[in-house]
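Two complexes come next, and they have one chain in common, chain A, joined by chain B in the first and chain C in the second.
So, the complex of A and B:
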């Protein structure tokens, strides 16, 4: 037991040093909030107070912040899986949205089936989303079409088709919102922190993190997936069916996005409202990038992103800035998050010493 | 058939921002960088040109300042990507997110309006076309009577052909994409040519964006609506040559013009019509990759 301690500390220090760069980037982003508030707000102190403390000031804001982290966790996991296999899934927007719509419609249809119906609806919704992403994987496998661009294009078209379906054939005429009918009461997840929107969907998100972690690191298929992502040619010579690991990770990636949409319906929205998921897909991608495609790191990354959004929303409600400053802050993270120079800044210094 | 000529005429206007953006994107693409920031650069050009035109009262000055802003953003993109060694795909996404956020934030800050901002003091874009040329049947109806931007884009297309294939600078840009090590061995810095290519894409996107808003005399949030992405597809479909860009951009312009027309004339839900360019692009992408694969199979 004694000789394990130095070993552990040796492992912790490099991890800390390799994370220092990421923290630096997050600090730059937070500095961006301060600069934006000073430039754009007439009452910068008030804006900053609401931005940084608003999301934490009561259970309502805090619960809503956690709620918005849930689809980001699912999306972040989805993108991570695809990236680990060397694929890019840019279609999160359409996958969440279509997953949510199909889940809602199936849930209404399967109302008499109870719990089984709820699970079935969720699975069908997620599979449709997975199929959309899998299609891009199929194109790449078959004809080497860039999955990056096709997933984006399919998603854009799907968003418009879903918009049409919500506003047209499936619209609920009894509400003033452009939305589908609501799912049955028995399908709704119970609330955790009333009066906020937080529901037990949070636990399902955590389960998904564990499941993806186990899949990637403890199963043969997950190992083959990672090998294909690290070096596809090497994996092929090693006897791995690399073609399979173009379609499968894309499908799973879309499936996770679709689950994110489904749980957003079961836990928070109860009906598919027009454009309710706008931006969630992109933010899921950002979360995966910050987490460097590690499932366990997806949770803190999603919380950080949700915090920035909640902060911007709180600053918008209580001060004179608009919500879109969140997009600027997020873009600052995007700018620097992949920088080799910044990420290895602290590691290099150690080596030179 | 009486709709054909107006559709072709508007296709020429619609394709111009695509042509300009893809022209700049061609330089970055040939220098070996996948420039997905075209969308954000177009949006920046669109917003800043119309705002500067509003404040300066001059369309020329406004457009030049708008181009300046767009080039500044592309310079930031280039230096973050090249000097800080970032993934160009992710920094490109950053530019797109930044542009979509900043335009709304500034529009709210300057005009207290997050929606459509109409600048009624801005004159409409003058349309050029000597009557003698306009009288040429069919061709005159289609190609004459557009704004200066349209003719400028053709001029720039010719220029980019000359630069890419007839000047040392163009050779070096293309060499950077093909074999950067060879360039380094000869004592030249590949990153310099990449940086220059980013600046060129900033210039053309600024110009293309300016056409979008000055044509309307208004700024609409997310006015580019995927045009930058389609410009990227134009580059691939156009086989990465200037002439190819012209053909591909025209096809997209035509698809867009037709869907605008169909929206008015046929009873198809507007969401489906808006989806046409994306589906069309998808088909074209898949089709061209099948073609490339077949061709590759025959050659090898």
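So, the complex of A and C:
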């Protein structure tokens, strides 16, 4: 058994190095696109052109790319916040989905209240999602269960429940989709860059990034959360109520995911369509991992992820490859990034023992 | 004919660019075959860096390394192992749930039919090495159940099994008890007789005298010189290490007539699940203002438990803790902090600091609330406060650096600064100078003495008898979680080490505990 080189002393410029790591993985992913196109396409040059330039070629594609980045930003923030506190939220799927459904239903119910109703609906939806994640935190605090496992399991169950609610009691019979009724027109966010789906939800996502950044780095609570995440024994020794920072970050994490779901409804979908958010939770996780839990880095990471997806869509429409190419490239990124993150996570757990 | 050289390092230079530190500055180091060579120096002198270069854990900017006469480029520990160089780190790298042989053979397991792990053969192979070198463990023991000293043996066996003949040990005695140190030393002497060349990184003078053939002394990244150990005495080595001679001492306080009880422990009992013997057994004590109350004991006899109780980390089963008469039993760390707990923990890396957080973030823990302006933490104020503390406690650091990049002595200074700043009327020190060099230790003692003079009730928990005898005004000796002796004032000061040692080892105990 050989000793691994110690990180501390070897790192010349730690931040630069760690960003370089993420950057390298992105390059590998892009190389993967090239290789896959060469392998799978009869016209690789055309495929590559559409893949890389397609998302940027007109406002429709560009706007839709930004649109799909929005829930990723919210999800990425949510996961980052949890990870900063030393917790892991794997329940994004169920949290986005339930957040969206509850927001939709409340919005329909609060239609007469106008702006206030819209805000209220959004808050309730996000709080329900936050509550689901917070439950995992509560379990960990109470019985020391792994929040990683419980958040995942709860989310899986919630997805099924939401599916049932959409297909059953809350289905809108007037459409052929399996979806709820639409939210009132007055609740819809105004469009940017028509004819794309982009809405002012993008600005709310950016506001969320700033808010999370300020919370983490400028407030007492954010400071205590980070210290708990860096070294919970130190935090406890310093007089910080570390139990609080098991439940609170999980709640906030789910809350952000839920906001992502809510804004997707207000800005893009207007009703909760069955499985509309499938994959957004996981992609939010990947975004947080690429961003190394830095709120400011969540924006470029989410844009990159959205770009890959938009590129694949464009290549699929104009060339002979299938949409799976995006899934494969995203899996490559996910694989490389998560393996590195898990490594550090395990190192940390071992040090704590 | 010069003696055969196992290692010849010439003009080794190592620069850490983060803080532009010349950790090694044109260092020469020669290791003879079959000798025990101590590498001495204060914290931060560059000893460990030099050995990491030799072991391939650090690259170097300049200089050459020859192993048995041949120039080598040691780029990684793998290369070092191939050249027969092994290193035993201060912190062990063992899989606790594996047996001794599984740990030793990791990566080179014997196999049956090329596939299946051959447990019997593994145990036989490892037992051979154990028998050959007279170790006290067996191949099929679970590492989890071994003592610290035995775990260190596993690390050494790991190296021996790989035919290492140049063995580096980084502060090997830091975690061992007296008896374990003795047995380690006899092992090392045997290894040297068998032709192995050994390097011990240490700053303990008695050990250098006790075991080494030669000693090399480093200071501030430079190699001063190498001496035959018998030709220098402890004083000379110490003077070389320090650059100036300082004897550790503090002025003892005049008996303060206004002394009042600040912290009282009454019949504190702490039980451990599944164990008959309590960790602390009806321990009573009183810490008075303007006085240093020292708790002495061999590790494993309740010092660590007492620390955890005072820090609020573990609940007590029976008894009471009072602060100025107010009951603070089992209220938890957060409330104890609000009550006025100031506390320098023994584990300054895992408990006392968050290594990846900046110095200033470490400074404001638990008090971040007092730096708020309009609801946000006022970063400028925090930085100002931190810089002020760093200057007053002469810690070499900046407010923004991650605290993990500082030397051990400087980390301790930051912790001291934080805790002394927040102290109200009592303060707990646990192993405050563990692993620190002489100058840093003296600094700590001066701080403790000045707190005492300001009227603080100081509780000092220390397994270092020298430390207790140097600075404590009153001494309580713990043995198996029970108070077996206590000494006051001059009585404490005139005690001999041997005498108090007998209490610590349970050979003697006072009939009726007084004080």
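Basically, the second predicted complex is superposed on the first by the 319 of 353 C-alpha atoms of A that agree within 3 Å, B and C clash if a C-alpha of one lies under 4 Å from a C-alpha of the other, contacts with A are read in each partner's own complex, and residues count from 1 in each chain.
Operating definition for what follows: a residue touches a chain if its C-beta (ideal position, glycine included) is under 8 Å from a C-beta of that chain, and two chains touch if they have at least 3 such contacts.
The shown structure was predicted, so the numbers you read here are calculated from the model rather than taken from an experiment.
Visitor: State whether A:150 touches chain B only (first), chain C only (second), both chains, or neither.
Guide: After superposing on A, A:150 lies in contact with chain B but is clear of chain C.
Visitor: Looking at the overlay, what does A:325 touch: chain B (first), chain C (second), both, or neither?
Guide: first
Visitor: For A:337, select first, second, both or neither according to whether it touches chain B, chain C, the two together, or no partner.
Guide: So A:337 only meets chain B here.
Visitor: Which partner does A:132 contact after superposing on A: first (chain B), second (chain C), both, neither?
Guide: The answer is neither, since A:132 touches no partner chain.
Visitor: Chain A residues in contact: does chain B have more, or chain C?
Guide: B
Visitor: If we overlay the two complexes on their shared chain A, which of chain B and chain C does A:289 touch? Say first, second, both or neither.
Guide: First partner only.
Visitor: Looking at A:69 after the superposition, I want to know if it touches chain B, chain C, both of them or none. Which is it: first, second, both, neither?
Guide: In the superposed model, A:69 contacts neither chain B nor chain C.
Visitor: Is A:235 touching anything from chain B or chain C once the two structures are fitted on A? First, second, both or neither.
Guide: second
Visitor: Considering only the touch criterion stated at the top, classify A:25 as touching first (chain B), second (chain C), both, or neither.
Guide: neither
Visitor: Taking the two structures together, which residues of chain A meet both chain B and chain C?
Guide: none
Visitor: Residues of chain B touching chain A in their complex?
Guide: 76, 80, 83-87, 89-91, 93-95, 97-98, 100-102, 104-105, 108-109, 114, 226, 229, 232-233, 236, 269, 271-272, 274-275, 278-279, 281-282, 285-286, 289-290, 292-293
Visitor: Show me the residue ranges of chain A that touch chain C in the complex, using the header's touch definition.
Guide: 1-3, 5-6, 8-13, 214, 218-220, 223-224, 226-227, 230-231, 233-241, 351
Visitor: Inside the complex, what are the residues of chain C that reach chain A?
Guide: Of all residues in chain C, those touching chain A are 16-18, 52, 57-58, 76-78, 81, 87, 89, 93, 103, 106-107, 158, 311, 313, 333-334, 336-338, 341, 343, 345, 350-357, 361-362, 364-366, 368-369, 372, 375-377, 379, 404-405.
Visitor: Can you name the residues of chain A that touch chain B in the complex?
Guide: Touching chain B: residues 36, 40, 88, 139, 143-146, 148-150, 152-154, 156-157, 160-161, 163-164, 167-168, 282, 285, 289, 321-322, 324-328, 330-342 of chain A.
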